[in-house]
Amino acid sequence: MRRLAHNRLLVLAVGFVALQALLAVFAPIVSPHDPLEQHVLARLRGPGGTYWLGTDQFGRDVLSRIIYGCRASLAVSATAVAAALLAGGTLGLLASYYRGWLERIVMRLMDVLFAFPVLLLAIGIVAVLGPRNSTAAVAIAIVYTPIFARLLRGPALVICESDYVMSALAVGASDMRVIFMHVLPNLMSVVLVQTSLLLSAAILVEASLSFLGLGTQPPTPSLGLMLSEGRNFLMLSPWSAIFAGIAILFLSFGINLLGDVLRDTLDPRLRGER
Amino acid sequence: MFFRLIIARLVDLIFVLVSVSVVVFFMIRLIPGDAVAIMLGANTEVTPERMAGLRARLGLDQPVVQQYLAWIDAALSGDFGTSLWTGRPVLDEIAVHVWPTLQLTLLSLLIGAGLAVPAGCLMAELRGRLADAIMRVATVVGLTIPSFWLGIVMILVIAALAPSVQALGYVAFSDDPLDNVARLLLPAVTLALPILANLSRLLRSAMLDALTQDYIRTARAKGATERSVVYVHALRNALIPFVTSVGIMTGYLLGGAIVVEQVFAIPGLGRLILGAIAERNYPLLQATILLVTCGFVVVNFVVDMLYLAIDPRVRA
Amino acid sequence: MVRNALRSIMVAGALALPVHAASAQTLELGIDQSPAGLDPHIVTAFSSFMVVNGTIYEGLTAIDKDLRIGPGLAESWTVSPDGKTYVFRLRRGVTFHNGAPMEAADVVASLKRTLAKEIASPLATRLAAVESIAASDAQTAEVKLKEPSAPLLTSLATIAIVPRAFESDKDSLQRQPVGTGPFKFKEWQPNSFIVLARHEGYWRQSLPKLDGVKFNIVPESATRQVGLASGQYAMLPNIDAATALQLKGKPNLRLQETLELAYSLIGLNVSKPPFNDPRVREAVNLALDRQEIIQAALFGAGVPGGPLSPALRDWAVDVNEFPCYGRNPAKAMELLKAAGHAQPIAVTMTVLPRQDIKDIAQVVQQQLNKAGFRVELKTPELGQFIQDWRNSNFDLFASTNAGSPDPDDYFYRTFRTGGSTNVFKYSNPEIDSLLDTARATVDAAARKASYAKVQRVLACEGPVVHLAYAQLFSALRGNVQGFEIIANRSLSSLVSVSVAR
């Protein structure tokens, strides 16, 4: 019974994420309208009719903009998190494998980056590089690098000191071989879980940056930007802001739920079974 | 042994603090556009000589390294300079803005952590059932709901339901304590939701973790009821990670406050930082980010130390 | 050391807490931005101008709601026949907020302060023609010019008179302004509010009617609107059409509107292709439909603009007389072809980070893309925008310009070769000579003829594509009386405002 409820949750999460990923990938086919086409006479409409979710202040189709916005949001956050995983993961792994001064230097540098509140550092980096889609990705990648490094160092330490790694080293396996054949595979579950949780958070950071005008630039559809533009017309027609917010929530929610369920699946201690 | 560990951590802490000050100072100067240009506004008539004059007046014509050394030297003796715009000492400005943010974050922490304990216990007790699954999905929603959006929706709802209620802005506690708390309630709830979600989840898993331990089995074997096992034995054990992660929340709160203060017109540190970035108010921005970051680092340090003191396993 | 810092935080925090409760006759306003300082000679940004102009500070002359020049602190003046000497008779009984009487020495000190190098005032160029300033007696100030300057009286309205003690004081006025206006500065909590209190010794009898004015700084538009609707704020001054539309018809609210002096524009960099070719600049004009821009971005609240605001009835040429103002994409594309450009021409438009301008830019982009261009938008942060603008680092940009009641003030610095805000690098000998002549001409009809010619040339092939003049709105609670909206965003009419109970 419990397993069943659990599997249902997994199916729900996977389905949710898959649906959004498909929508994003096939945005040009799925969108009912051109997300940039302005129809001034049909602006600020509520949901219903030709425009299922209504129109924004230029009469652009809200649904199409949300679909394209999810695509942009996913692209930025996924690229950023992948880059952070690569950089932070490598640093964390090397630090825990070689220990000594390398570990000390790497982890202190990570501490410095980690010392800043996430959004604050991201705002600072974007301010330096100039507000664009790509710089938002760079900022998120930099902010998340120390988080990955810290998250992976702990489990990696345990694995590096485990018996099978020790015995692999004893039979003369090279460093690279040990890292790739023994340490890395054992980290996969941690990586999988943390990546999805951080990806979910990255979507919110990207939306916050766009909301503050520091991410995607108009007229390119972006969820945070739609919310930011829509809030100027809240009393006339709140729909574009409301739907954009719900879209951000759904996107972040699905991926977070997936990570959450994965954690339970991969870590038997947390299943609540005695 | 324990003492040496603390010394080592202190050395690390100082290294981090110094590096942070360097990063803050130089990052701010890398931001394109400068205070002088903003002061003059877009499209005013001004000659390059006038710009240079104004820049010299603000001390922005010195080499950057020299500016940094002068700044850090004065800062160490408690002088963070004056705000470029109002000419008031930076510390005074920060002091004015620190109270609303402190109040807001404390109130959110109170709401979030306060509700997380019963929620987490309930989830642990109902583990594996449908209600548990629903509550977990709810916590994921709480964790992923964009706070700036939630704030705007709340304002919209208030305007629709009670158009004549004056619920926005900030009233100093000394002016009207009741009004002060009343007006902070909406933004605090907005900010508290992710904390509630996060902490209740954490509590749930920590308690489930505890339930597999030997001493719980012993308690069960001695005939303790399921309720008392969950609420007394498991909860007590789970409170350690709970308390330590409250420290980590401060970072989130400071970030979240930036956006929430903007929406609810609260004159706190978040507004101060965004405003200072927009105005290129270097002394103010440097000092604010430095103090906020140091606060964050120190809170985490203290939490780490507490953790060391409580949990002997970590010391090894 | 750290403890000292901490202690000063505590002390300052304790001091900051007690704030006096506002009395019933304090007008609560909601504004979106903190002013960037309150020294009238240093900070010229809109956010500061609105707070200090006509409230804290006054000039020798004053601009009324019809944008005409009238007496201010100077009761009257005479101009010598050669147009080079102005003698100002000062009003009697004017006192500064610090209690000192306003005399000719203060006028001299204020003008000298504006011109002083150490003060580095951006307003100095408005007094570029001034040769010397002297006080003949306590009530008479004499200004001598190097050459006649028709816009001098308009310029003087924007130069605040401050006590002579501040002539060499660079910093104090930024945070402790002292002027002669109806309200004196009381308190400024950055990011929160600015409070002005009634100036008891104000020279106009039984004015101001209010006890004080409080500017509440509220960045979020929806929050300001809800605040006005609930009565927390009595007034939202100088709001755009989108905000006004949302407040329209709400109970107990009133809207005032006027055609704004400021206008939206597209600036073209004429120092490099493609906009170095006048045909390409004309093509941009032909590609645009200004009515559609007004409909889409300004919610219909505005009029198409030429080089001068239609609000300046004495000067502006009717836009229907400009041949390039009718939309004609086919002709635009022909011109681009004739200029030898392969279409679409890829250009980047830098956009001022303000909501109405961002909206306008998106409509302009779509129109240009249908007429042989491919426009990419870039919205930098304000500091970056200003830097790019100043360094002519753009293909084209979308922005707004404050406008001025006198044509010379805008034209000369913007379109004259080497003008101080000629960031377009525009140079046209015909325009130069027309501007030089008009500046030295005092005869109104002759000036008007010169500026009409200037407008006709600039409208189609100038470096600036003038888009639209928007309606400017102020929203008031029903019980606020006596306010009059002014096209240059000044709130000087607050002096006669009262709040009915």
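List of remarks:
Letters A, B and C mark the chains in the order given here, with residues in each chain numbered from 1 onward.
Just so it is clear, a contact is a pair of C-beta atoms (placed from the backbone, for glycine too) under 8 Å apart; a residue touches a chain by one contact, two chains touch by 3 or more.
All figures in this text were calculated on a predicted structure; none of them were measured in a lab.
Two chain pairs, B-C and A-B, are weighed by contacting C-beta pairs, with B-C ahead. Note: the chain lying farthest from subunit A is C, by mean C-alpha position. In this assembly, the C-alpha centroid of subunit A lies 44 Å from the C-alpha centroid of subunit C. Separating the CA-averaged centres of subunit B and subunit C is a span of 39 Å. Chain centres here are Cα averages; for subunit A and subunit B they lie 21 Å apart. Of all residues in subunit A, those touching 2 or more other chains are 127, 130, 231, 234-235, listed in ascending order. Residues of subunit C in contact with at least two other chains: 220, 222, 225, 380-381, 384.
Residue positions of subunit B touching 2 or more other chains: 31-32, 152, 156, 159, 277.
Residues 31-34, 37-47, 49-51, 53-54, 57, 76-78, 80, 83, 85-89, 91-99, 152, 155-156, 158-159, 163-170, 172-175, 262-265, 267, 271-272, 275, 277-280 of subunit B are the ones that touch subunit C when the two sit in their complex.
Across the interface of their complex, subunit B is touched by residues 1-2, 5-6, 8-9, 108, 111-112, 115-120, 123-125, 127-128, 130, 200, 203-204, 207-208, 211-212, 227, 231, 234-235, 238, 241-242, 244-245, 248-249, 252-253, 256-257, 260, 269-272, 274 of subunit A. Against subunit C, the residues of subunit A that register as touching in their complex are 36, 38, 40, 43, 57-59, 127, 130-132, 213-214, 217-219, 229, 231-236.
Across the complex, subunit A is touched by residues 220-222, 225, 242-243, 245-247, 292, 295-296, 351, 353, 355, 358-359, 361-363, 365-366, 377-381, 384 of subunit C. On subunit C, the positions that touch subunit B within their shared complex are 1-2, 4-5, 8-13, 16-19, 21, 34, 36-37, 42-46, 117-118, 120-122, 124-126, 170-172, 174-175, 188-192, 216-220, 222-223, 225-227, 229-232, 352, 380-387, 389-390, 399-402, 413, 420-421.
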